[in-house]
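Below you'll find the structures, each written out as structure tokens.
Heads up, the next two complexes both have chain A, just with different partners, chain B and then chain C.
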Partner chain A sequence: MPAIELKNITKTFEEGKVLAVDDISLKINEGDYIFLLGPSGCGKTTTLRMIAGLEIPTQGRVFIDDKDIEGIPPEDRDMGFIFQQFEIFENMTIWQNVTFGLEMRGYPDNYIINKAEETLKLVGLLEYADNYPNIFGEPGLQKLGIARAIAAGAKILIMDEPLGSLDPKVSKVFRHEFRNLIKDLRLTAIQVTHNQEQAMAVADKIIVMRAGKILQMGTPYELYENPQSIFVANFLGETNFLQGFVLKLFEEEKMEVWIRLGGPRIICNNPNNKFKLDDNIIIGFRFEDVYIFPKDFNFDKSPHDWSHIQIFSAKLESSKFIGATKRFYLSLESGDKFISIKPGNFEENYQIGDELIIGIHRGDVHVFESPKDFLHEISLM
Partner chain B sequence: MSKQEIILEPSELEKEAKLSLALRIDRFFSKPLYRKGLDAITIIFFVIIVIGPVIYIFFNIFLNIPSINEDIFNDELIGDLQWNIILKSLVNSFSIAGLAVSIDIILAFPISIILTRYNFKGKKLLDSLIDLPLAVPTGSLGISVLLFWGLFGITPGYNLVLFGHIIFTFPYIVRNMKIVLEKADTLYDDAARTLGAPGFTVFRTITLPLMKEGIIAGAILGFTRSLGETGATIILSGLIDTAPLVIVGFRRQLKLPSASFLAGIMIAISLILLFSVKFFTRKVGFPVKKVWPKIEKKLSNNYLRHLRNILAIIFLLLLIIIPSFYILSQISGPEISEQMFAEDNKWAFLYIAFMNSIQIAGLAVLINLIFGIPLAFIIVRRKWGRAIAILDTLLDVPIAIPSAALGFTIFLFWGPQGINLFYPGFFMILLVHITFTFPYMVRPIIGVLERSNKGVEEAARTLGASNLTVFRKITLPNIKQGIIAGGIMVFTRSIGETGATIVVMGGIRTIPVLIVDWVEASAIPSAIFASLIAIIFCAILIILLRTTRTGVV
Partner chain C sequence: MVNIKLENISKSFNKQTALDNISLEIKDKEYFIILGPTGVGKTTLLKIIAGLIKPDSGFVFYDEKDMTKKSPGERNLGFMFENYALFPHMNIYDNIAYSARVHAHDPVKTHSVVEQILLMTLLTGRNEALPEEMSGGMKQRVALCRALLNLEQTKLLILDEPLKALDAGLRMSLRNELLQMAKSKLLELTVIHVTNEEEEAMFLADRIAIINHGKLIQIGTPYEIYYQPKTLFIANFMSEINYFEGICVKNEKVPWDIYKKSKYGDKFFAKIQKYSMPLPIDIGLNNIFASYTQKELYDEINHGDEVMLVIRANHMKLRLGNRINEKHNAIIGKIKRRKYMGMFYRFEVIININDQDKLLVATIPSTSKIHDTFVEGVEVTIYFPKELGIIFRHPGEDAIRDVLKLE
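For the complex of A and B:
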């Protein structure tokens, strides 16, 4: 039974002039920690606000535990909401902030006291209970925002960029604690972010949104290994894109593609025989999936199995050492450029201008339909 | 976050949850139906109380065209004498208002700069002294000005009226300039100066354009206040007439069609001014972009700057502050006690008038509070598009209209000539005061509401608070400052109002009217005493207003 379900939700603003969310449907299972990921303005925050009842969908239905909650105001939806700007009640003490939701639900006094103490202890703020929130910096306000949202015992937690305002280093430590807390409380959680690294690190599932639509939904691993659009491939991880066309079709859902005139020919998968002869396509492969070998490398003598590797030659344009990693900037004869990433301790003595052998596993090459305006498509990230 | 044992199952206590009575009432009245009802009642109140009378006066003039024509232009005995009186009074009123505002603007430039860009001892005191004439009954100011300039041999007449008007329009102009200057970042100034612009050039080319809206807003307020002023003008006018005095005169002689004709003219002119300012403020620019480096460099030197500041302070003291407070030096105990408590027993009248003033001001605050908060919410929060813009402009109508004319419209609308629901007296005075103070209540609340954070309210809703609970527990504490500021503003304006009150008072007296009465009866010491009480009362309120820390009124 899905905890949250959206059916054909559309939301427009300013009398239909602005389309924020465009006919999306999704299901979220009980106990899942879901991330809504996308660039700013993609409709992810609006989607959250519609689930919480802070916005009313223009069309479509929201179901909680299979119950249609249309017309139920936010105060009766029983969801915790953590805001990007925290939205702490500055005119109340820390204690009053945390007990607010409990009082609104009319719990008896001794229950409120126990529960608020327990929650404040959980986030480590109990000693500040009688202070006003202006003593806190952002991490403190953040913890208070969390405590306030979970104190009243809602089973669904909604978060709008809750770590967005924090210092990146603090946020990195915090996100794991936060995940543990959500799992311990057995909450169904849905969080918005534009930070793909954060989503990859802690999400059970990621929903990628763009321009009001859902592009893809899946576990971080699925999305990373099998992106179904140029946008998803580029948004989650660093990817090289090259333009080409289908040169030959093989059996067993395989094909040969030619990277522009003068470029290499590569054999890659053609799932469901989706692409036809002469189709224009884009291939994408991750920076870290590009192998580099010296020109005279002998694959037969190598201890590794290189049977599925595709090789072609490229010229080293430049390289850059960035601490943990090393980047190699390479160019093909056709003029196309791409990047390979290696660990910082990768041993080599290549010179600028060297001809090198490049290898890519067939399975690491993703093929996409060629969009009308390819450069525009990858620059929108 | 430390790991703790977490209770997962709802305890027995959780099942006992029961909402308190207050929360249940909030929930009940949070239904959209009640909100819509309140919106409707608020709009109806606004239209009937504030807009209705203004529209009605034009209707009334239209109905009375024959008798207006007869009385004003073709009277059997006096011909078009009335028209001549009206014309002359309008010329007087507009020329005095124009001159007073111009002089105020010139003086307000250096004063507002001194008050915002300099730090010195007594700055707060000076600031409060400048604001005080806002609250003091203009009749009291009138006596003070009369006595002060009398020392120099200036007798009642055009000049003395001008001197009086300079004083009570000054705070409106300084205030509005100050608000803009405080908002305008000195960083712009600094940036321009690092680019080589001398101080004077910076002021003229950078600061002045930023101040434009503040100057215009202040000027329009001062101008309309001057046009409508009655209390001080009666005392200072001698033989000349201004338009409000003519309205009061016509009203006393029961020449109602003539009075409504003149009130209609004044209202029409004021409304045209208001709307043209609303629509053109942003389009008007200060024309001179050219720079004269040598002259402006010289003008920017430190001696001239000090000279400017000193001159400004001298003129401030001479034109505004000393004449306002000269009255305090004229208190004479024996004379006061004789007039107050001897056989005249003026004390009894003063006490009654004082109680009337306080009751009327208090009730006006209360009623404007009840309808002002919902109206501010409508203007800030409802998404009604153009309707909101119209409502927002109409809200300024009672401020823009000269108060004597406004008083007369209300007399016509509610009185025997119109709906016939009220007669001149306590309740009609109250009605007038509700009308002309309404914007003073709503504007500050709009100010704080616009700045208040809507996210906090949403947070409270997700925590289970209904709309009304959110209003009580979250919104109200956030906008409290604006409400207090608005309330004090309404109270002080109501306590000091003269012109509109005279038109509708019947047999009832308020303090400002009593002061005018006593001056006309030459009971100057009693008038001084009454003024003193009003001034002390208002000074306390102004100090309260200052301590609420809002720059929105």
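For the complex of A and C:
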């Protein structure tokens, strides 16, 4: 049973002049931590607000636990809201911050005490119960926000960039703790972000949106290993793109493509024999999927199995150490440029200008139809 | 051509120390990053360099000339701050040409320079757009162009968190462009850039200065900062870390041959420091870990001293089952959680050390083999090469909590 389901949701603003969300349908399973991801203005926040009941769809229906929730106000949807600005009462203790909402709803005292104790313990803040929120930095406040939401009975968390105002360093560490807490509490969570690195690090599933539509939806693994469009390949992770055309078709859904201007020929998968002879295509391959070997590398003597690797030569233009990773900037004879990423302590003695052997596994090459405007497809502006 | 030198700069606001006796030098054509968390004095330092704030004490030199009391106008530099401050009623071209016109530069020359800079920043053909029609990325480029135009002779560009307001993806592509522009033969800029993002700093900088609580803590190349951080704060700031506390057992025989340098270690350390010494640390329960450390630190630490061994999460490695061997520092644990992050998997591994559970974090490049076999609940050996541990004198429990606490 999906916790949340959207059926053919459309939302327009300004009497239909602005189309914010364009006929989307999706299902969110109970206990999943979902990210709505996309560039500014893609419709992700509007979608979140419709799930929360803060915005009414122009068309379509929203279901929670298979119940159509049209007309049910946000406060009665069993949802907790966690936003960047904390709705925390500064003049109340941590304990009072949790009990206040329960008292307002008229629960008996012993229920309130048990509930507050239980939830503060769950989020690890019970020892701070008598303190005021000003002892916390933002991570502590966000935990308090979760405690309040679950004390009030929320099963679904609605979150708009909850870690957006944190120092980047703090956010990178805290997001894992935040995720673990939400998973351990078995909450369903929906979060909006434009930060794809954050989404990859935290989400169970990501919904990538662009111009009011869902481009692709799946686990981070599915999206990263099998992007269905140039936009998704470019938006999640870092991808090299080269233009070419289909030179030969083989059996078993394989084909050979030729990178333009006399570049290398590469064999790649052709699922469902989608591409035909002479089709113009774009190939994409992740920076980290590019292997580099010295010019005299002997593949037969290597302990590893390189039988599925395709090789061609390229020139090393420059390299750059950035801590966890090291980047190699490479160029083909045609002038096309691409990048390889290796671990930061990767051992090599390459010099600028060296001719190197480049290797790519067939399965790591993604092929896309050549779009009318390639620059538009990879533009993030 | 500009060399900048700061000597003993201090500054307080309302008796609160913002900067405490900072001295540093920025070389001509250097991309210099000032890095640190929010609110530690980075922007104040930048404003003192630019002349927007006067220091309480200390000196600012541009090419040996004392500029401490000179106004920003006399310093001949280009600024760009986080909010772009574009004129809303002017189009792209006029926004960029404005300051050049105000300063009464030759109009023909102004035109050609503006055109050239527009071309470099991919804005040609959009000259007529007004700020309200521009995306964040475009506004950022226009603001950058305008800053570049102010540079006449000094070619000093000052950037205060220039990429902060942008979407993550756009930030990546703009920082690439920024670096290319700074290093282009046409401009050859000296750039001083403030940021709180360690990745941005590592990507852009020739050298990084790390500031915390108004003090300069370390200054060095990205390589030095990453592999030879001077304090736990810096080690932790540059990536996710693990640490062990232990006792140095310098004079004792250790159970395995850690004194012999591995070939790998030799090569690795040749890059950052010629002399590095293996230092064994007793972390309890007959576990002796070792790591190479710089000679000066080695000499400072005595047998029996309390020390701390820090290992970056991305330097940890995993193997299935019990694969302890003496080449590496290794310990057995169980995968508690695993999260796929794209280029990496992040593992949380539970180990038992001195009868207490301890969580270690390892980020490992993703492969299909890891996907299928390194699953939650499985027993693994977590290990790291001796070359990659970072040793500090133990800073005390309070200092550790201060650096690592999140609440």
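Criterion: the second predicted complex is superposed on the first by the 323 of 381 C-alpha atoms of A that agree within 3 Å, B and C clash if a C-alpha of one lies under 4 Å from a C-alpha of the other, contacts with A are read in each partner's own complex, and residues count from 1 in each chain.
As a working rule, contacts are C-beta pairs under 8 Å (C-beta built on N, C-alpha and C of every residue); 3 or more make two chains touch, one makes a residue touch a chain.
Note that the structure is a prediction, hence the values are computed from the model and not measured.
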(message) So in the superposed three-chain picture, is A:74 touching just chain B, just chain C, both, or none of them (first/second/both/neither)?
(response) first
(request) Could you look at A:177 and tell me whether it touches chain B, chain C, both or neither (first, second, both, neither)? (result) both
(request) For A:197, select first, second, both or neither according to whether it touches chain B, chain C, the two together, or no partner. (result) second
(request) Once the structures are superposed on A, label A:123 by its partner contacts, choosing first (chain B), second (chain C), both or neither. (result) first
(request) Using the touch definition from the top, say if A:110 reaches chain B (first), chain C (second), both or neither. (result) first
(request) Could you list which residues of chain A make contact with chain B in one structure and with chain C in the other? (result) 177
(message) Show me the residue ranges of chain C that touch chain A in the complex, using the header's touch definition.
(response) 37-38, 135-138, 167-170, 172-173, 196-199, 202-203, 222-223, 226, 237-240, 264, 267-268, 312, 314-315, 337, 339-343, 346, 348, 363, 365, 371, 388, 406-407
(request) Under the touch definition given earlier, write down the residues of chain B that touch chain A in their complex. (result) 1-4, 6-8, 10-11, 13-14, 16-20, 23, 30, 453, 455-456, 458-467, 469, 473-474, 477-478
(message) Using the touch definition from the top, list the residues of chain A that touch chain B in their complex.
(response) 52-54, 73-81, 83, 85, 87-91, 100-101, 104-108, 110-111, 118, 121-124, 143, 148-149, 152-153, 158, 177, 181, 184-186
(request) Spell out the part of chain A that touches chain C in their complex, as residue ranges. (result) 39-40, 128, 135-137, 139-140, 167-170, 172-174, 176-177, 179-180, 194-198, 200-202, 219-221, 224, 234-238, 286, 288, 320-324, 341, 343-345, 347, 380-381
